[in-house]
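Structures are listed in the sections that come next.
Same chain, two partners: chain A is paired with chain B first, then with chain C.
Let's turn to the complex of A and B:
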């Protein structure tokens, strides 16, 4: 305790004294004290070149006595008087010192900000009406707060390249660029693909891609997020929707086991874009492009919207009651050993708990999930492309998910298995079941968001919600329990998978009083020991560590090391 | 605090109300005889007669999109009017201007611009908020249609009503 105490330094911010750990940057100290210091180039996850000059503040230290002069007297709290330095200092790259004074409200600080804003705006084009960044643009925000409100610059603005293709997913507008260099540092320090740089000098400086290269790495869209202005914009989101119309929903990415925290932007039940959300235990501030852009299928024409029943050759539309009654009929005459349930590691913990109930209720003899292994990319993408494999292990009790698939295939081949319930999985394309093999079954039930070859041969097809249309919890690769939140309503008659399984249990004669995901979560805390004592609210937006898996996320490890070296704030 | 309204104290002859009725009838009958004898005309024979001539300069009729002298559509689909519109009458779908277009440097234009004239309340906020001087309330007031769909003005119709407006700020026309 005493050691920690000695590491704290007293700093005066706008007249009030605060204590911060040694080595804290001035800008971070201000942020922690609730004082915003405007900035463009500073980003806590990147090095601080201090080139935008927006974070200039007035700074002071205790006066140094001349030889023979008495040192200043500390007041009753041990603080010395501050003699203010006539030259402003940048808050982003300087660390605090004992008895330092920072003044962000002084006339000098205001003058500095006004001056920097005026210079930044001198050449900035007035194309806010067509700029995608408008509404979330730091330049707009700070010019309202700190700008002069008018321009003294009467000359012709400098013309620079506009609408430049810098990569497959990114467009560059050099006139809008304010030379903060965040994108350059990101591609160099985080993405290890240093293709961006400044060329030319003075007001003719432009951001360019190295000749013959393009900004094409799988993390390139993060540069769009960190660009404080609209210089870098995403081709996918370009001109799609103004940011002030969209509703932000905090949820998680389901494309791999990392479970990157994301914010999904939607308007009137349509998703427009996904951006990473800061979580220093999962994805830092970043996410891969491949995962970010994998949401357009949600509004695809191939979405299943109604339950379907196979009448001999063709499928016909049915009501939920009819589809469930047909399923119950077909399952009624079967022994447990003749039924296989293939669940999915893309399901939430709540859906898996309901699936476990169904398995026990039917006495199903064969249970497994489909694995999706790929290559880890050494940054954020985990080798396991299923988001909730840890949940499958905990809740379905499968020690080695995917190991039973072959024996289920054999069982179908030999006629031992007569019915398969495939929940949220496309067996033909993702688990190498052939359509002929599935044709041998007496009964195949599948629930899936999209039309697929498995549904073509299924006897009952149930339309289910996609990841953005349901809520629940998932356990990521490091064993962290995180919440998946519903963003939009599903199309047509789709139901969330837990509702489908609940209705199946009820249709086959089981009973339960479950009406919401939080109900199931409460039961999860009673039935699975790892979840004991947890509440839905406790998980929060950032999740909580649940189990030890020994896995780490490479990008986070590198960032921790850079924090330890003092390169970044973190 | 409630305001106490002072009631006037009426004289006894005022309380009879007869003098009041008589003076009121004098005004009414005056108008009646003026109109019957054809000395005064108050009804305009709409639609044969129209008041278009006497509409004031600030009259707020149907909102419409305008083009400039160079036949450029001024709207860049910033969607601020859609945002400000109190009855949510405006729906805009933006698109990128193809690179071979004469005005490709403007980059963005509306692909679809619909104003639902059943919803429009002629408040003029769209005109006030427009950063491109592209939408104006014109003097058209007789907006009719035989179906709801017909009452939705699409982009073509809006330019038809709006026409060309000259002498506006032309920031996009400068050297780029």
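Let's turn to the complex of A and C:
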């Protein structure tokens, strides 16, 4: 046995021998071998109570010779025969042992699964037609695979509370609950807010929120994600759309620098739901409620859908050509030192690269972005509420983003700065520019997804795509390059900011041959050294480490520690 | 011994061998320390404190003392499972949750001879290195808890507990912890969770074997009241003499609690295996009630598998094999196991021919449905289902196929749960169906076979029409 192989253990799964690292749980060994073990209570990020019993499998070990008996002979590969144990074992909490046998296809295993399924359904209301979980319900899935197909239960079912408000965002149906305790463990182990528990006992056990408390922490909706059945449902999503009608798009959250990986569920250009997508280097399996629910503005009535030009008192609708030509006119007579470009750390790297070209093309003398600093929550929310500050630093070359804003204000005040191009930022509300100050400008151009007070005083207003309506890349707080993927089309005539900037460069006489985001990415790899040699495809769904920032994500650090202690699989 | 006077009508049967119960029902006995000391009380603790702890464990091992709580696991071996290079505190817990239906022995020790238990515990603690011990007493013994508190206070004052006991340098505190009324708290890991202030959900094993990861995840020994009392007597007479009582591998005495259809139900301390079922029922308990015949016996608490009165049991292997009737069964661990049941907690429940088997089984199922903790699926859902089926059998609302369903629900629980409650809840049904199927089926109605028995669904269907 070679040095690096010494920590590997040979295990037989359904007749085939495999090697796994010591300490691997049986269920994970099976998964790695491509064998699914059905389960409800087990979750790799939580402790394993072993309560659902769905993962029971037939297990065996080499036979123990009786006194006087010869030990069993190993075969040519060094494997011993397996003596199957008459009592099934849970695969979730037990770790593998040398020469262990696992049989997930045996009569005993199938008998166990059938039995547990029948028992789980005995008191379940079987109200799938009106249940939000239908279509993504483990109870349904395993019932199809391992159920009996008919019920022998002739008794009255146990009555339990329904439609219980357990918190501002979550509703509980106790009759659907299969008491896997995932939500209880999540609130206790991950969210540090142990407000859920069981009361009463036996078949009358109910999941309850402690008296005088509610499930209100900013991670509460993760319990809905991990609830394997329809017991916990999201007030925001329930009854909105059947899950099988929706399109799933992998993208990232843009509400802070963590860039949690998410799946956005949409149908016909409407977003219905966002759930966290597992990325053990970014957000584990979780995300904050405040970020998850911050998408309804995408379909707000206040969305800008057409370019607008202000000829005097009021804005009027304009075509893109007209708006861009007007902008070019206004900028034509200005010196570089009279122009300020205020970009956004909410822009993608590709948008920032185009912005950098615009800055150079116009020779703009003043450049900055708007910062959004808050408090880190000690879990997943970064103090930096901008998703791409690292992109700003790298691509716009700003060492200290936000530090020029005050001098730009002064410049406007003193009349030195005559034009401002505000890309994807609302200067009045987010950077404390007064409308009066902006009124002094000869020319104010802004691009933004929503109507806002800055747009009110701008000469040209360009409607831009929201985060779910565009593609690109961003660099998160730890320096990880991740992909933002377009989920839906933007409303009306909106364009992605990179398109807006490209068109602005062209309108002001600059040429470029940019037709797509991937074109820009290719140029990034040529122009920004950190991107050298990368390809768009290489970033993948989970991103890649790009730069060292020395920053960590607290929740991940705690999970790593729990993995090291063997409490969770991770 | 001959001088002992028992209260009138409470005299031990001549076939009894009173050791642990020596002072139970004594005319001249009370629970005070003074009384206990007057007959050599705490002498064995003093002796133990001069011994090597390891020697005491070896003595208990050599005596072959098997746990009297239900599983019959060798106590000395349990103690030796404590990790050798342990740097965490060791805890000892006395399981006084006596909750198996049909069992009522520990309460008499607690009520009438509390110092015997405290001395046994103190010796066990010294042997295992525990400096903190708990007596987990069931909620239903409020007076017992008070008696223990008082006895502990007395022992403390007299220097049998506390710091530097008898100048030995050994410290020990014992606390009484009252349960809140749950059968599952008698399961040792459920008990530990309860003691930690949580719901008594039994822990998965592996990894949570109490000897390694018990109370507060520290090494913990959990022993039954009667078991701990025996430790004192093993020290008193030596393991060799102690092991001469009882039978090989089934050493010592144990208290059998007989309830049900006998003339004199009660507790009887006997040498393990030296008394047969026949002697127990016919001699010691005065026989069955007038004109009645034996139908069945549940020999080790309600979770033990039932034995049918007319069964013939084959025990032993090969040349040693012999056939036994129910009357011939020696009341020991190994024979009762060979007969397909268990000695369990010593609760012998006698059922005569006046009893309806459906009613008896329903009574047991009621208990387990009520007491299932609800942590794991099979027991949580299955125990109530079984109860609901036997409810209908008793009410004449079941059909013959319900008995098959009943049996298969039990088999879907057995061996598939976190703790032994699964077996406790399913063995009665499995054994009753196996041995009394005809009688159960006789209480069902074939014409109900295709009936829509779910009243809820029936109403829903009617509303639809």
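Keep in mind that, in the parts below, the second predicted complex is superposed on the first by the 567 of 570 C-alpha atoms of A that agree within 3 Å, B and C clash if a C-alpha of one lies under 4 Å from a C-alpha of the other, contacts with A are read in each partner's own complex, and residues count from 1 in each chain.
In this section, a contact is a pair of C-beta atoms (placed from the backbone, for glycine too) under 8 Å apart; a residue touches a chain by one contact, two chains touch by 3 or more.
Treat the numbers as computed from the prediction; the structure is a model and nothing was measured.
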Touching partner for A:316 - first (chain B), second (chain C), both, neither: neither
Contacts of A:202 with chain B and chain C, given as first, second, both or neither: second
Which superposed partner A:213 touches (first chain B, second chain C, both, neither): neither
Contacts of A:163 with chain B and chain C, given as first, second, both or neither: first
Touched partner set for A:153, first chain B, second chain C, both or neither: second
Partner chain in contact with A:247 - chain B first, chain C second, else both or neither: neither
First (chain B), second (chain C), both or neither touched by A:126: first
Winner by number of chain A residues touched, once chain B and chain C are compared: C
Doubly contacted chain A residues - partners chain C and chain B: 156
Touching residues on chain C, where the partner in the complex is chain A: 182, 199, 201, 204, 206-207, 369-378, 380-385, 388-389, 392, 402, 405, 409, 411-412, 415-418, 453-456
For the chain B and chain A complex, residues of the former touching the latter: 76-80, 82-83, 94-96, 99, 105-108, 131-132, 171, 175-176
Contact set on chain A toward chain B in their complex: 126-130, 134, 156, 159, 162-163, 238-240, 242, 244-245
In the complex with chain C, residue positions of chain A that touch it: 48-54, 56, 86-88, 90, 93-94, 112, 115-116, 118-120, 122-123, 152-158, 178-179, 197-198, 200-205
